[in-house]
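Structures are listed in the sections that come next.
Common to both upcoming complexes is chain A, partnered first by chain B, then by chain C.
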Partner chain A sequence: MAEFLQYSITGVTVGMIYALIGLSFALIWKSSGVANLALGGLVLIFSWIFYAMLVQVGLPLWLSLIVVLILALAFGWLIERFCLRPLIAQPILSLITVTLGLEFFLEGLAVFIWPEMVAGLPPLFPIEPLKIGPAVVSQAYVWAAVISLILFGILTLYFRYHKMGIAMRATADDQLAVQACGIPVTSIFSTSWMLACVVSAIAGILISSISGLTHGLVETGLKAFSVVILGGLDSFIGCIVAGPIIGLAENLGSGWLTPIVGWGGLKDVIPFIIIIVVLFIKPYGLFGEVRIERI
Partner chain B sequence: MGLPCGTYNYSYAKDMAILRTKTHWALFIALLILVFTAPLYCDNYLLGVANLMGITLIAAVGLNILLGYCGQLSIGHAGFIAVGAYTAAVLTGTFELPFLVGLICAGLMAGLVGLFFGIPSLKVKGFYLGIATIAAQFIIIWFINHLSITGGFTGIAVPYASIGGFVFDTEASQFYLIMTIAVLCVFFAKNLARTRIGRAFVAIRDNDLAAEVMGINLFYYKLLAFFIGCFLAGIAGSLLAHWIGFMNAEQFSISESILYIGMVIIGGMGSALGPILGVIFIRLLQQGMMFIAPMLESAFPALPAGFASGIAPMLFGVVIVLFLVLEPRGLSHRWMLFKASYRLWPFSY
Partner chain C sequence: MLRLNNIEVTYLNVIRVLHGVSLEVADGAIIALLGANGAGKTTTLQAISGLLHTVEGEVTDGSIEWDGERTDKRSAQDISKLGIVQALEGRRVFGHLTAEENLMVGAHHRSRAAAREDLEMVYHYFPRLKDVRHNTGGYLSGGEQQMLVIGRAMMAAPKLMMLDEPSLGLAPMLVEEIYEIINRFNSEQKTSVLLVEQNVRIALSISHYGYIMENGRAVLDGTAEFLSNNEDVKEFYMGLSAVGKKKSYRAIKHYKRRKRWL
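What follows is the complex of A and B.
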């Protein structure tokens, strides 16, 4: 029972971070219809930048956080302006592959600047473990989940009440109509990329504060695709529901199946198996909008 | 000297021919002779590069059929190559079956795995399919690492290819084997595009709903595209296994898959020439970087330590993005433009 609780709590909290990465995907998909496959690269690069600011430069925590967020905004703007904007109205395949090229570039950049593969962040949160019933959870997990939830709340409110958020939703609905209303679509796109970069930066910092900083963070970013696929691509609620489900499946599955089948590393493959299963059964996810196509 | 003012065709067969004039034939045969006599005047290093290019070309031709002709995105091509490579490795290494049996089985196995992961393509497309194939890549590599028959993380040794007692144990002999199969594959792909199947693929790429309305069986043709594409990937994998002699799942990472997509895009999607140009471009770039990066590193000690290993992926990323932004139709389109302007020179049109 204690084991079950332990796995569940870890799973749900890590799942919240996955949900955050998924949220960053949904932000871009919702407003501009671009599938951002460079998520892994973004998560990777921002967590390493955070490490560089905090440890290598030696800035205080709040300042390095601010620097990372500003850099994230700048990155988002640059990516949208120079990679995505020239490709507006190109086939979807080009839009997907341009983000793949971006992913390649960001991974190379991380190796270029930080060849040392593995690094440790100093603990960002108090290290005394929390006791929940019989389970013992490190505070970092709980904090990460709380921060994810807060961000989720802020973004939901932003999309519901803020003028820019409403404009973003409108753009997702009908670009032509939005342009006719005098909303600058291009600035909507760059705002969504900037927001998405900020969200993935925070997710990267949270996940690297829990599980250490390696170049394998790219795979964490790729795992988050199972969240968006399960939740439905264009749904925030989908992300926040599917994230913990993926986290739970990952942790419970590997915790229970590993002793039975004797294979290690099940954790790394369960999200991908979930992707395949979801695509077979319910390809548009739990909350996704089913698109009906016409010729 | 009488210059021809056009190419006249007196029969339908002549009109359909790939090589239409005597000059075409002469150039084509000269090219073949040039390629197949390469071992006479190239050293082992160059032959090794050529072998890698030949193997890559077979896989890229497969991806071009899938992505360029049929429009089905596959970001897991390295995974399907791995299936072929390990099938060949296990069959010829552990079970000591002949090379040709291993080659065919590698293709079939990769094709079947591709069929399975291609099934979602019936319901979804674009990004969803990309994700499905990324998942396929990770699942395949994970299984290779955890099954006992594939040697797990330590890898598996593969014997040299041999046909009827002749062992392909030098770079030169392997060059002949690989180039023969590569030429056959390019020939197959070029002709496939001209058949009913190829035209159905193109129709599906351009608009799959319209294609279905016109009587093309989507279920059949989409899966056929996956099967053919992955079959060629499996063939390439088998040759790769015999060429390297040692298989480890790290050779088939997701970056490799992205690189294959890059090759097809840089070369030009949906043309027979595209994969050839793309493969030569990317592999030459890779070799050039391997050559130049250490030199730059020793010349400029101020460069960060990760320069040599990090610069190549950065460059590939930039090249892919630049090609998509500036020349989405790839190098083969440039070649067409060059040919057209050459034909009309000195007139502009």
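What follows is the complex of A and C.
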């Protein structure tokens, strides 16, 4: 029982970080309809940059954070300006292909700059573990979950009430009509890329504070795709619900169920079984926006 | 005051669709731009609002002036800041936004307080929108969507509001209602209106002056009264023809009349 609880808690909290990466995907999808396939690469590169600032350069924690966030903003702006904007009005597939190219570029770049492949971050959060009932959980998990929830709250409010957030949703519906309101859609796209990069960077830092830095962070980034497909691509609430579901399935699968069933592959399959079942019942995902068709 | 001097518009560098259109919108006036499908009305509006750049069109000759300043090379954003707003053809609401959010997007460049005030103003002109303000735009009725699109344009506090076929696909009663509101908005707020329509009768009922476009040219213009009484306009655009003439004869006359304009 204690074990079950333990795996559930870590699963849910790690799932919150997946949710955050999913959020980064949804931000861009929502405003421009582009599927950002570079999520893994973004999470990877920002985590390593953070490591470089904190450990290799030796900056204090707060300064490293600020540097990474500023770089993330700059990077998001650059990606939109130089990779995507030249392709505006091209078929959406070419835009998506560019993000795939970016993914490979970022992975290569990370290997090139940090060939050591594996590194550890000094602890960012207090190290005394927390006791939750019979389970013992490291504080890093709890903090990661709390920070994810806060970010989720901020972004939700931003999209609901801030005029830029509303304009971003409007852009998803009708780009020409947004321009007719005097809002350049390019500014919307670059804002969404900047936000998405910041969210990816924070997710990367949180995940590497828990499980260390490897180049396998790319795969963590890819988990976000399961999250957004399950949650419904454009839905924030979908991410924050689907993330923990995926995390939970994975952790219970690997830690708790595998010894019982005796098949190691179970862990990787469970999330996909869940996704397939959910998509059968709800084709737009758990909270996906239903396409409006009036006759 | 808006002035178009003999503008030519070319799409994709090769397809020329306007061949020298000149028109004027005096401050506070309602001007109708009339013509059949494909005449170039929407293109003319897009040239004025700057949206032409985003649909790969360009003003290749002539000039557009707003209060004496040339605007034809400016971006849609800059032009909107001058107070020129275009409501797109075809009731293009933001389907997943609520009615009120739709309106707020129209006020993007204005202060929060000004936007709040104008929201009340729009609800004053369109009380129906107030009733449905929390409903999702995509699920509103056709009439409500058209009101929303016009209301969104009003939210920019425009000096010149351009409406592209606001009567399209709406029941006659609703068209009357919307037109009355446009008329009232114009006289109370002193906003000039450039009204594109195929529904010539209703458009002339509130306009002060009108232009008739055909094949990328303004072929006839005059006061609303002059146009309403013009035999050609009556016949080709209002579906009224002199009584007793045979149908086959009409076709020939049609041809001749067109010739006379060009």
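We take it that the second predicted complex is superposed on the first by the 264 of 295 C-alpha atoms of A that agree within 3 Å, B and C clash if a C-alpha of one lies under 4 Å from a C-alpha of the other, contacts with A are read in each partner's own complex, and residues count from 1 in each chain.
By our rule, contacts are C-beta pairs under 8 Å (C-beta built on N, C-alpha and C of every residue); 3 or more make two chains touch, one makes a residue touch a chain.
Here the structure is a predicted model, which means the values were calculated and not measured.
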* Go through the superposed model and pick first if A:A180 touches only chain B, second if only chain C, both, or neither. => second
* To do: Answer with first, second, both or neither: which of chain B and chain C does A:A167 touch in the superposed model?
  => second
* **First, second, both or neither for A:A74, with chain B first and chain C second** => neither
* **Touched partner set for A:E289, first chain B, second chain C, both or neither** => second
* **Touching partner for A:L37 - first (chain B), second (chain C), both, neither** => first
* Asked: Just chain B (first), just chain C (second), both, or neither: which does A:L102 touch?
  -> first
* Identify which of chain B and chain C touches the larger number of residues of chain A. => B
* Residue overlap on chain A between the chain B contact set and the chain C contact set? -> 294
* Asked: Of all residues in chain C, which touch chain A in the complex?
  -> 49, 51, 54-56, 75-77, 79-81, 85-88, 92-97, 101-102, 104-106, 108-109, 136-139, 152, 156
* Please give the residue numbers of chain B that touch chain A in the complex, ascending. => 67, 71, 73, 75, 117, 119-120, 123-124, 126-128, 130-132, 134-136, 138-139, 142, 145-146, 207, 209-210, 213, 254-255, 258-259, 261-262, 265, 304-307, 309-321, 324-325, 328
* For chain A, which residues count as touching chain B in their complex? -> 35, 37, 83, 86-87, 90, 92-94, 96-98, 100-115, 219, 222, 225-226, 229, 233, 263-265, 268-269, 272-273, 275-276, 279-280, 283-284, 293-295
* chain C-facing residues of chain A, complex -> 89, 163, 166-167, 169-170, 172-174, 176-184, 289, 292, 294
